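One chain, chain A, links the two complexes that follow: it is found with chain B in the first and with chain C in the second.
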Partner chain A sequence: MNPSLFSAEGLSGVVFLGFVGLIASGALIATHTQRLIRAISGLALCLLGVAGMYYFLLSPFLALMELLIYVGAVCVLIVFGIMLAEPKPEQTVGKLNMVAGVVGVILGGVLFWGLVRLAQVAPWQASAVTGDFSLEAVGTQLLTSYSMVFELISIVLLVAIIGSVALARMGRERSKA
Partner chain B sequence: MNESINIPWLVGSLVAAIAFVALNASMLVWLERKVAGHIQRRIGPKEVGPFGLFQSFADGLKLMSKQLIVPECSDRILFKVAPLLVMVPAIMSFVVIPFSENLVARNINIGLLVIFAFASVNVLGLLLGGWGSANKYAVISGARAVSQNVAYEIPMLVTVVTMIMVTQTMNLNEIVLQQPDIFHWYIFRLNASPLMPVAFLIFFVCSMAETNRAPFDLGEAESELVAGFHTEYAGMGFGLFFLGEYANVFIGCSLATILFLGGWQSPFGVFPGVWWFLLKVYTLIFVVMWARWTFPRTTLYGLLNLSWKILIPISLFNLVLTGVMLKVF
Partner chain C sequence: MNILTLGNFLGSYLIIGAFLFSMGIYGLLRRRSLIGMLIAAELVLSGASVNFMAFNRFIAPNPAVGQIFTLFIMGIAAAEAAIALSIILAVYRNYRSIDTADIADLEG
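This part shows the complex of A and B:
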């Protein structure tokens, strides 16, 4: 069962493990560092790994969108937010107590075990659309089969925009008074 | 992904891209100094080599031999990673640029998206570099660079979406193939949208602003911020930011060439090839330099107002207009 390292399966396994390593190390950095800005860098690394995973699964469009939106926009905006808030360098994340850590590890373990079981036991049905991951296919699917989801997402985004505008306006009035 | 991956070709073209980025940057530095010199009625570098051509190589050697100083209060890791975050995406973008019909490392269907995805990482490098230096000028510069990049990314992407609606493809080589001669260049396709030349202008201005070029170089305004985000960088750390900037200028100009000016196609329909592409790109780069030494630096408010109040409304209007034109005709 063990494919040789230099066969096609072996190499793709190495690539897969590389992306898993990127995701895991990025996530660990994001949660364990004491400095906010490094946490964001860890998040960016983790998302880069996720983008690589999409690419590995033959969906370059999703991979690039992940890179464009999450690394290029979301992470940059978070860093921007941190810069405006300007935390002091010595101001670090406080140490959590042991109980919270133990409970967290147990809950995480249960969740992980559940997901693994789900992946093993559940009868996965292959998606109706296979083999065509081109941009045209994605666009057509988005505006036909999944138009409801598409509209819902637009409404969520609209609400978010209106909410942020409202918040910004409130801040302005308060500063005037 | 309908082609098999040719690993030697990919590795070879990556090496070629890195070599090209370095050579291109050194030549552009020389050209910039010459252009600046002649615009200001002096002659620019002339001592090292014929016409001062080797001046950049001398500068490069000097930069490489200098010590890399990491400031004591800085965030060491981020300080060292930031120049790479500027440089690597720029090189990755070269992979999909079609220099001629066959001279493209990876002719993939979503080439346009590849370039924008990697270009968006660039600003993260500037930010982390600015923040990691633990220098107030660098931090201010980082904040400026982000507000500028966010503001100009919007009209740029809206213009690009308009172009994708017209071209119906994101494959850069196919976009070039649709423009066989000067009458078919997208900048002159007024039947697709009467605002095509305006779209080109918006795209060009945005790419200048995205690459932090004067008159939009508020991120590194020497008179107020010392040198901006690379204030604390010495030697090749600074050199990588510099290489990245010139690589991004090249990428911006080549995208403008591909989208609007027919890429490697000849204007008269004869002898298409890499020379036309380079000629067009370097003409645009010359215009970028010309603008830098002609216009004074804008203020931050002027810069943001230009984007939010002028470029974004026009580009959105162009998007709607193009959609209507496509539907009606």
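This part shows the complex of A and C:
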């Protein structure tokens, strides 16, 4: 199969490569810029590309959720954190930073190489598909087979909200005293 | 295998997930401030999500399970970001800094 550039498959392949480019450039920006506000912009770009991947993986619902939750909520939350904590621009010189950078490159490279080798070598076998990709199936199973997990994650989110409010309040009282 | 048909193979998504994961680990080690480490942790989580969705698309018997699991990962990531930011704000109030080199002392 060898689609031409201007057929439907070729154009969707170009869009796929564009999303891959967004992920790569966004991840590089998120880990390499000195100012954190630029790093968070890189994270937003990268997550936009991940949402495109979900679209290619036959789940437009999760692509929209990715945009809504990650780009819309988590990134804005981190931007508020940057505004409130006013971090200094990161120092890239210094002995400790050199060591951390070298260790990071080695560990990240080894992990990436190992995972890519695993993806190539392992005999992934497709099994017989019994369900479908529809949002209806997701919703039905979320409230039948996985209802316990659904309730548990609701409790986790409730505890997280109460805990974060309590933590932020406690810090305020201590600094006043 | 043509470069324009890469989106039809499991391997390309697995490589993207591995890239996101290893960039996240690299950023966690390299960043010197707590918010930068939080950003890198989000990269690790999205790498895991991409892997789940790729296996869900290509080899899972029931294609709803991976989507449900990815939704749970999103919920956990939102809770993690909220908790981490409130901890970061509490640390900032006490130390006036979120640089990991400045907050290295323990105090009861």
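The definition used in the following text is that the second predicted complex is superposed on the first by the 132 of 177 C-alpha atoms of A that agree within 3 Å, B and C clash if a C-alpha of one lies under 4 Å from a C-alpha of the other, contacts with A are read in each partner's own complex, and residues count from 1 in each chain.
Criterion: a contact is a pair of C-beta atoms (placed from the backbone, for glycine too) under 8 Å apart; a residue touches a chain by one contact, two chains touch by 3 or more.
Owing to the predicted nature of the structure, the values given are computational and were not obtained by experimental measurement.
K.L.:
Looking at the overlay, does A:41 come into contact with chain B only (first), chain C only (second), both, or neither?
P.N.:
After superposing on A, A:41 lies in contact with chain B but is clear of chain C.
K.L.:
Between chain B (first) and chain C (second), which does A:84 come into contact with in this model arrangement: first, second, both, or neither?
P.N.:
Both chain B and chain C are touched by A:84.
K.L.:
Which partner chains sit in contact with A:58 here, chain B, chain C, both or neither? Use first/second/both/neither.
P.N.:
both
K.L.:
With the two structures laid over each other on chain A, which partner does A:73 touch: chain B (first), chain C (second), both, or neither?
P.N.:
both
K.L.:
Quick one: name whichever of chain B and chain C touches more residues of chain A.
P.N.:
Result: the larger residue contact count on chain A belongs to C.
K.L.:
Quick check for you: in the superposed arrangement, does A:161 touch first (chain B), second (chain C), both or neither?
P.N.:
A:161 sits against chain C, while chain B stays out of touch.
K.L.:
Which partner does A:23 reach: the first (chain B), the second (chain C), both, or neither?
P.N.:
Second partner only, chain C.
K.L.:
Does the superposition put A:143 against chain B (first), chain C (second), both, or neither?
P.N.:
Neither chain B nor chain C is touched by A:143.
K.L.:
Where on chain A do chain B and chain C both make contact?
P.N.:
Touching chain B and chain C on chain A: residues 58, 61, 65, 73, 77, 80, 84, 133.
K.L.:
Where on chain A does chain B make contact in their complex?
P.N.:
Chain A residues touching chain B: 35, 37-38, 41, 44, 58, 60-61, 64-65, 67-68, 71-73, 75-77, 79-80, 83-84, 89, 133-135.
K.L.:
Within their complex, state which residues of chain A touch chain C.
P.N.:
Those residues of chain A that touch chain C are 1-3, 5, 9-10, 12-14, 16-17, 20, 23-24, 27-28, 30-31, 36, 39-40, 43, 46-47, 50, 53-54, 56-59, 61-62, 65-66, 69-70, 73-74, 77-78, 80-82, 84-85, 87-88, 90-91, 96-97, 100-101, 103-105, 107-109, 111-112, 115-116, 119-120, 124-133, 137-138, 141-142, 146, 149, 153, 156-157, 160-161, 163-165, 167-168, 170-172, 174-175.
K.L.:
Which chain B residues qualify as touching chain A in the complex?
P.N.:
Against chain A, the touching part of chain B is residues 1, 73, 75, 77-78, 81, 108-110, 113-114, 116-121, 123-124, 127-128, 131-132, 134, 139, 142-143, 146-147, 149-150, 170.
K.L.:
Residue numbers of chain C touching chain A in their complex, please.
P.N.:
Touching chain A from chain C are residues 2-7, 10-23, 25-33, 35-36, 38-40, 42-43, 46, 49-50, 53-54, 56-65, 67-68, 70-72, 74-83, 85-94, 97-99, 101.
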